[in-house]
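First chain written, first letter: the chains are A, B, C, D, E and F, and each begins at residue 1.
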Amino acid sequence: MFLRIDKLQIDIPRPTEADPAAANTVNELMGGKFGEMSTLMNYTYQSFNMRGKSKIRPYYDLIANIAAEEMGHIELVANTVNLLFDKTFEGGSPDGAPLGMANSAPNPDHFLNMGLGTIAGGAGGAKWSGDHVFNSGNLKLDLLHNLFLESGARMGKIRVYEAVQNETAREMVGYLIVRGGVHQEAYAKALGDLCGIDATKLLPIPEIESSKFPHARKFMDKGYHRFMYRFTPDDYKQIGEIWNGPQAETGEEREVVDGIPEGGEVPDLTPIPEMFAPNVSAEEIAEIAKKLG
Amino acid sequence: MFLRIDKLQIDIPRPTEADPAAANTVNELMGGKFGEMSTLMNYTYQSFNMRGKSKIRPYYDLIANIAAEEMGHIELVANTVNLLFDKTFEGGSPDGAPLGMANSAPNPDHFLNMGLGTIAGGAGGAKWSGDHVFNSGNLKLDLLHNLFLESGARMGKIRVYEAVQNETAREMVGYLIVRGGVHQEAYAKALGDLCGIDATKLLPIPEIESSKFPHARKFMDKGYHRFMYRFTPDDYKQIGEIWNGPQAETGEEREVVDGIPEGGEVPDLTPIPEMFAPNVSAEEIAEIAKKLG
Amino acid sequence: MFLRIDKLQIDIPRPTEADPAAANTVNELMGGKFGEMSTLMNYTYQSFNMRGKSKIRPYYDLIANIAAEEMGHIELVANTVNLLFDKTFEGGSPDGAPLGMANSAPNPDHFLNMGLGTIAGGAGGAKWSGDHVFNSGNLKLDLLHNLFLESGARMGKIRVYEAVQNETAREMVGYLIVRGGVHQEAYAKALGDLCGIDATKLLPIPEIESSKFPHARKFMDKGYHRFMYRFTPDDYKQIGEIWNGPQAETGEEREVVDGIPEGGEVPDLTPIPEMFAPNVSAEEIAEIAKKLG
Amino acid sequence: MFLRIDKLQIDIPRPTEADPAAANTVNELMGGKFGEMSTLMNYTYQSFNMRGKSKIRPYYDLIANIAAEEMGHIELVANTVNLLFDKTFEGGSPDGAPLGMANSAPNPDHFLNMGLGTIAGGAGGAKWSGDHVFNSGNLKLDLLHNLFLESGARMGKIRVYEAVQNETAREMVGYLIVRGGVHQEAYAKALGDLCGIDATKLLPIPEIESSKFPHARKFMDKGYHRFMYRFTPDDYKQIGEIWNGPQAETGEEREVVDGIPEGGEVPDLTPIPEMFAPNVSAEEIAEIAKKLG
Amino acid sequence: MFLRIDKLQIDIPRPTEADPAAANTVNELMGGKFGEMSTLMNYTYQSFNMRGKSKIRPYYDLIANIAAEEMGHIELVANTVNLLFDKTFEGGSPDGAPLGMANSAPNPDHFLNMGLGTIAGGAGGAKWSGDHVFNSGNLKLDLLHNLFLESGARMGKIRVYEAVQNETAREMVGYLIVRGGVHQEAYAKALGDLCGIDATKLLPIPEIESSKFPHARKFMDKGYHRFMYRFTPDDYKQIGEIWNGPQAETGEEREVVDGIPEGGEVPDLTPIPEMFAPNVSAEEIAEIAKKLG
Amino acid sequence: MFLRIDKLQIDIPRPTEADPAAANTVNELMGGKFGEMSTLMNYTYQSFNMRGKSKIRPYYDLIANIAAEEMGHIELVANTVNLLFDKTFEGGSPDGAPLGMANSAPNPDHFLNMGLGTIAGGAGGAKWSGDHVFNSGNLKLDLLHNLFLESGARMGKIRVYEAVQNETAREMVGYLIVRGGVHQEAYAKALGDLCGIDATKLLPIPEIESSKFPHARKFMDKGYHRFMYRFTPDDYKQIGEIWNGPQAETGEEREVVDGIPEGGEVPDLTPIPEMFAPNVSAEEIAEIAKKLG
């Protein structure tokens, strides 16, 4: 079972103005092949489908618990995309064509099908697919996959960070670089434990350290790169059998945190009458009609 | 944010023997177009993307909270599929071809790619796609969609119930018929409230009452068709502004429950050495090798 | 069986100049998930597959007849897209790269694969898919779907209207808003009849009235919002058992029209020698060759 | 514009009993890559998108008119699939699992998502896609495509004929072999006319003559292999400039027929209460409930 | 550039009789997500796209050369599938329905669309997609991917081996287990070299040794697990800088072979007149016609 | 079996500066429906799957040998795309957002998922699919398909030539127009031989001669339009039974060349530290970090 709390894992700063192009690029982190939908669903299915859970409990706890954290990650990405779209039409719109931006939008679906909300797909328009879930049932192979997935995802986050110079986006992406780094390292540690080698020596992939990104460094200063939160009231207690020892980038001690981050507010998104989102008053209709001639 | 509890929403009885054909049919309820992945992701994205939340709080609370319940539904479906596959090879396998069943399986992916685990797709083999998420941003339209989605989903559950005569499957499907019925009714009620009509008069869709299904009736006897659980420690308190009045099928009072179902144990699935799931001992390898000649 | 008449349902005014960006946006109304391919094919398959036709004849007549009208809608959308592309290269092209616009086109397929013709897909590039056809066989559920589909489609048309300020496009979209509104209302009426409620009270979805759009109002002034044409020489006579009573937006009487709209001419599209569409003369080849150096 | 007539192009004999496996195979002729959806939509889009219609009128007339005939072909295939599914449950169903056949159906979607109706896809489960539409805008290339498409389609029809020994299916497939053969020949003739060769010499593709199939021969005896019907009240009159001369297989004269085939009745399909198609009475519900325990 | 030699990498024994179910399962190794199309195309694109080739030449040589070997692997899989289908109709076919097997075939496309030839897709019917190509441009990440890909592919080969007890299939799969094992190990070695650890310690994945499979052991006895062939007249000479040291499973020396395997004959596949493959004589047509009545 | 040579079929001139928009358009020739992946894979599968090879050897030799040439064509397209992307960031990047171009790239995958490498898909973002492979097993039908495929591909090449005015691109496309023209003609010749007509009379499709394109004419001056190279050390010797007689455009003699083109160097692509392709030094990391603040 799952519980939901009406807070985000961190506070996302509101942008000073809309940045729809950045919104689309950040959407890659939602439903691109290496976006948060993929990490979420891979670990969720692996936790559901794992055979012999009692035999390999710490691994089950690790994967099941990270899955819960990932639900919060898709929430973070969505809220960031939505904030970047916030007040997109505020500066006014072309006379007579309130949604004229749709014609040159990177992904017209944001305008024509969504109400400027996050799409369950990537920046290029392809929708997320269950085909992105890997789950052979073999623990070593699934862990190797997860290490690869997190490495591909880290590359994706870093490239989005490099593409989008926007404090709202970078705050969130910086956080994901740190937390994704924890997951990447956890899977490397778990895999290495099974095989008798220190597989965290493969990191960082790509070669750049997380601390090189100012918005990631900020979260590292609070220790977020060392923490494995337990996103559960009272379960998954054996993750500490895997998550222990010195953290790969800094050498500080890894730590299991019995609880969740303090978190931040779910932002209230500005209505868009031109899109009838969430609804329109008679006055707003009159105003739209006036614009249309 | 989301928390995870290592329990299922109900107890699923273990099957007395494997039923791989039923397992595949039940998989439709996971990732078919009207499966639980679709209800989960529609409400999740709608809750993330909703504009003007503060203006229409009860609707936000309703959709956000149901999304949390749906996470538990994909967990239920997955565990049921997995139990139906449990001990598939127990009766022994054809000499020399331990996985010979793959050749005539309804979906060979269960054998060749998964370790007899639930697929993020439907019974026919198509994977779940983000294309199944509808979210226009307009509240009335999104609610109409949700009513339709739950109605299509109810048809799907009923047909799977009719196709699979297996206590493990029917217990779970009976539960989903009842809980899906609550969601269907909630969206009809919410939509009707907005428009000044009693849209629950459209129900039941299809025309058969839930109580006609013995495994659903059992849960109705406990009142599950009247309850809207709050799957949250402390949020989504305004759902009662929508979920109130007489339940559509029985006329009993609708009720908001401040908490979650008692729940049942996550079953420990039997390992499958022939599939290296989750791993194999030297002895098991020797035994497999012997079978292969 | 189907007959074809070499006329469009309305006259589409020729644009004064090409508007390729608008052409792509209007293409959404062809093969987007809520485009005319979807309405056409849903009703077509539902009419083919309906069981017990003799038992529910008026519903069969309604759906079968609307399907025939929709064939004319895909024709209208296609001709509009094609007219918006007409003379795209008239202003001359970059020296030496007659098709240079392909490099920054919203959808390069219009230039590289089509001959600036309408694509069987949406504005974002995804092709139309048979997956968009819903047909459970249950009349109530299929009607609810159709109501939802027309509501999603109405949202789509309205947003395209708001995005594209072009008389050619708006004339056609205005017409579709009115005719789609008739279908939306017909399905609401039919569904409500089955359930004993007035489901047209759910309309308009979204909340804006059709008459707010000048190019729709123009067609309403001719009564098009009240008419259900019979697109057939001599069949589907029982639609009047459903299509009767006061029209939802204006309260005027609904009316079954025994025949089809007067219609307009199929425009003759300008050839594009640079694309060899439909063919090229030796002189045109010489001219192209000269441009290429 | 299009008109619809409530008749099929031919009479399809009712099967003596259901043949669900054959139904799925025949469904290939609907939405497989070379099914009737593909021929229909290719010619429909080509007729919409053709540039310079006035310059190449006979080709426009040919393609536009064949498109209208193809609408009747998807209708024929659908009605055949539906008849083959008719009374599928008549022989009774497994106790307690009325839809138990879903578990081993070639395509479970027929049972779980449709109401045993035709799917907009092929026998293997893939849905029809707009990607199957080819339309370069260049007449010669489009005609070559059409010749290829009809040749692939003829192969498909022949193989389905060879796979399904069922009078209902073969009657309809025999008809399609003849009519598809006319279209194949027409495109070969049209292409050859443009290039100064007799491209009908390429036929038959594959090498077997249509008259070898008894159910095709029967229609040839009536001259259907020589006729190009005009599926229109009053248009497309220049097709005779292409469709003339000796028919490729028999040498008899090709003939333009000013009208449509006499046609046959649209069959009334038997309701399926277990699937709530099209609806259920209280008594039928009681009976279903009894079966379910 | 590429050269082709009309030989296979090994001799595949002809089956004594057709085994169409096995054919479909082996087809998974062609175009399933972890089939040979994926290994081929991943390494091909990575070799084309690699930046800084001169700086990291041994890695380029390794990947480019393995790509060439993989072209021979898709050839092997195809020929095996085709041989398993060979003489499928020899035992005679149901009276009047020469292709009746299509109705219950795991994948009807083999019968209806192909001429019993290998499909560019997997056993479940999904076609291979360019989406399966991973190529970030970062060497470490691409190598980690390749290690994962080969591990998933090894699991796939082992499961097909376990599913299909057929000498023709097992001979070929045994060979692929050995050669895929070489590639898996090479990428582990290459990745470890970059990071200063012995990443081959992660192997075998899954845990079973290749020598446990009799048909793999046979090729290991000839040293095939130690050899890296250079599939080139005169290039890719620096692969030895990576492929050296003791082989992971046996400890024997790895060896670069300046040349290709001796290879085996491309089998001549039996024509299938019922499918017009590759063509039919007048006599064969007469015989088919007789069967059809 | 296949051998690889570390050379391209021709020398591609390095561009003087990056042209990322052209790169994306040229990518259409890789993985668009009519790109080189399609020609490669169609002929490859046809050569693998052909039944009765010994009976129709010259056709086998022709198709098998052209497949080998096509491997070199995907290599040419990839290297061209990559060169057009080369030094994309050389002019410097927006302060603080080294990959800012991703936000408005025609296909953001080039930036976010690839390392500015060629994608296995088309310009519009759709990935190449095994669905594009046609192989009925019937020789005449497969040849007709190949003629159509080459004709569609020729149209694609010509349109890309017309869209991209860049010497690097045009040199390569000019070469492909000539070589694709040879394949188109070869399939027309082969098909016509089977049917007793001169099917090369259908050419050119589209109507423009290859010599009209300066970059194609240059290769024709060397005779490339007359040559069928044997891309093999010692096989496929019977292609001359088909490839003989006067070339369709010029009337010069067709000629089988026992060997391969002289070829050109595989270009060394410039590393992109901002994308960690292929890797980064500590100094480069420091520089990137500085840019990011």
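One rule holds for everything that comes next: a contact is a pair of C-beta atoms (placed from the backbone, for glycine too) under 8 Å apart; a residue touches a chain by one contact, two chains touch by 3 or more.
Just so we're clear, the structure is a prediction, and the values are computed from it rather than from any experiment.
Shared contacts of chain A and chain F, meaning chains that touch the two of them, come down to C, E.
More than half of the residue-numbered contact pairs at A-C reappear in one of the options C-D, A-F or B-C, namely A-F.
Two copies of one chain, chain B and chain C, form a contact in which over half of the residue numbers belong to both partners.
The distance from the centre of chain A to the centre of chain D, each centre being the mean of the chain's C-alpha atoms, comes to 48 Å. A separation of 24 Å divides the Cα centre of chain A from that of chain B. Chain D and chain F have centres, each the mean of its CA atoms, that are 37 Å apart.
Contact with two or more other chains is made by residues 33, 113, 125-126, 131, 136, 138, 140-141, 155, 206-207, 275-276, 279 of chain B.
If the chains shown are joined wherever they touch, the resulting network has some other arrangement, not a path, ring, star or complete graph.
Contacts between chains, counted with the stated touch criterion, involve the pairs A-B, A-C, A-E, A-F, B-C, B-D, B-E, C-D, C-F, D-E, D-F, E-F. Listed in rising order, the residues of chain A touching chain C in the complex are 94-104, 107-109, 111-113, 125, 274-276, 279-280, 285, 288-289, 292-293. Taken together, the chain A residues at the contact with chain B in this complex read 1-9, 31, 37, 41, 44-45, 48-56, 59, 64-65, 67-68, 71-72, 74-75, 78-79, 82, 113-121, 127-131, 133, 135-141, 231-236, 260-261, 263, 266, 268-272, 275-279. Partner chain D is touched in their complex by these residues of chain F: 33, 126, 131, 134, 136, 138, 140-141, 144-145, 147-148, 151-152, 155, 191, 195-199, 201-202, 205-207. Across the complex, chain E meets chain B through its residues 21-22, 24-25, 28, 32-34, 106, 122-126, 155-156, 158-165, 206-209, 212-214.
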